[in-house]
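Two complexes follow with chain A in common, the first pairing it with chain B and the second with chain C.
Then we have the complex of A and B:
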């Protein structure tokens, strides 16, 4: 999971990212960003998520935990 | 060049390409193309007349190396290709702000440049004689319309249709060239989208005849490649269960 937060920061077009900050606080966190995140996680971490999976995810930390959990299955 | 003519089907290791290969195996000798040799062998196992077909494992993300792989395959047993069906394709769901040159080029390589390079190779007399008579590209209804986060995919399929029309004129009357434009089909490529209940529900509403099956497309491909379609060339053939004529509000 190296570089996970950096990749999320790049999608959100910010320089740095506090993993515990609400994703909803970022202006670039929209439906298209969700698609970018899903594609990135699929290609870089081999985990296929749906938009529905991300609806309950509030922070980048929670997203990382979700991906980590799915990878462990 | 004296040899039994083959039909080359790209993307034959899964989905639409696999169904097309199985359908065409009834009456044709096939070259089954795909990336993964094991999955190609699975497709071969599903085909009729197995001993008449061969497999060609090659990654279409590298079209610059394609001729160097395909040419020896044909030369090995003096094989020639009569028909070429380009089923291989990939889709990446990304907004344009995430589609850099690398991403766009990868999609274009698989969906467009590889098809062009195969045609280019098969037109060489030293490689394939004058055996080629039919070219069929599997495009998409998305080549004609827009969709959020599908810019590279839409562009690649539109490029394929543009190539189809130009080749239909350039290569007539010896070679017929057409595109098939399927709507949403139940394939592994579509599975991720269809796994989202909201997307699946919307598709069911948008498609008057429901979502298609791979065989729905394979049936038409078999016809377009046949002598019964002798005068059919240069056409985008839409097969979409009525999706593109559906203007219903609810």
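Then we have the complex of A and C:
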């Protein structure tokens, strides 16, 4: 899971990312970013998330936990 | 519900696309978002080019052009079809039916069953079901199934949610009886409670077109569209497809007692490359068995995309041989449907430009 937060930061177009900050606070957290995150997690981590999976995810930390959990299955 | 047919085949397929091509980069000038952001959308979704009509071209124009081409090439006789099914959500008029417009313009025989169906992205399957059913009648020997839409005319060029993916096109499938008694399994589900996920709010009797419905409004996401325009709730549609389509395909294969490996090609409606790749990932289908290139080359033309995917990707193969195909359509209604069918050899399988 190296570089996970850097990849999310890149999608959100920010230099650094505080993993516990609410994703909703980022101006670039829109439907396109959601799709970009789903695409990145699928290609880089082999986890297929649905749009609904992301609905309950508030922070980058929570997203990382979700992906880690799915990978462990 | 599960549906089952037999002794039916598609004997030929023709797709018609407008010669006029637009690129995503050209479209970007109309979007109210930074170019870098739009380019990212292009990359993620797989947008590039799309074919849209240039001027006031209607559904019947594309359909008549295609049918005249078949008559002229001698593949289909002018009086050779006993039924004409037109599936469209962008008809020439509220009334009369577009099938009657086409019948009249082409001077087709009166001994003919003309039928319009208002359906979109599942419209190729819905049309096939109706064609298969009509062929129960001895008097109906050959059905021309026309799928056609000119949705670019109802889509706001300032709506980045919809405009870059929309394409106009028509397809003509000739459907006939066959000697092959192998069951054709299919399934279909509909959910009208989610009918507003894909809609054109104005233009019917509920909300007639007026100067107010033509006014461009910001939906809060920097996309400008009027009530006269197509409105798509992109996230709701994406979610619908991801949740409903994989179990539908599993059920279909189970009913048909077929395995994933028994299917040569998964020829699905083409919403965009991204969604198709996600579906392939969810179902462990290799990308090469699920074509996803229609939107980037021609645009998403609703019910025409399955014939387009077939004609563009499998032309040579289907002119000489046959494949076992899993078709699936999903969209407006909401409607989702799939079918396991043998395709080919086809008498014709062609894509032509409308000029």
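As a convention for this text, the second predicted complex is superposed on the first by the 73 of 73 C-alpha atoms of A that agree within 3 Å, B and C clash if a C-alpha of one lies under 4 Å from a C-alpha of the other, contacts with A are read in each partner's own complex, and residues count from 1 in each chain.
The rule we apply is simple: a residue touches a chain if its C-beta (ideal position, glycine included) is under 8 Å from a C-beta of that chain, and two chains touch if they have at least 3 such contacts.
All of these numbers come straight from a predicted model, not from anything done at the bench.
Engineer: May I ask you to decide whether A:48 touches chain B, chain C, both, or neither, giving the answer as first, second, both or neither?
Structural biologist: Both partners.
Engineer: Is A:32 contacted by the first partner chain B, the second partner chain C, both or neither?
Structural biologist: Both partners, chain B and chain C.
Engineer: Applying the touch criterion given at the start, work out whether A:1 contacts chain B, chain C, both or neither, answering first, second, both or neither.
Structural biologist: Neither partner.
Engineer: So, does A:58 touch the first partner chain B, the second partner chain C, both, or neither?
Structural biologist: It touches nothing on chain B or chain C.
Engineer: Would you tell me the residues on chain A in contact with chain B in one complex that are also in contact with chain C in the other?
Structural biologist: 31-32, 35-36, 38-39, 48, 50-52
Engineer: How about chain A: which of its residues touch chain C in the complex?
Structural biologist: 28, 30-32, 34-36, 38-39, 42, 48, 50-52
Engineer: Touching residues of chain C toward chain A in the complex: what are they?
Structural biologist: 37, 40-41, 44-45, 221, 234-235, 238-239, 242-243, 274, 277-278, 281-282
Engineer: Give every residue of chain B touching chain A within the complex, in rising order.
Structural biologist: For this pair, the touching residues of chain B are 92-95, 97-98, 148-149, 192, 195-198.
Engineer: Provide the residue numbers of chain A that touch chain B in the complex, in ascending order.
Structural biologist: 11, 13, 31-33, 35-36, 38-39, 48, 50-52
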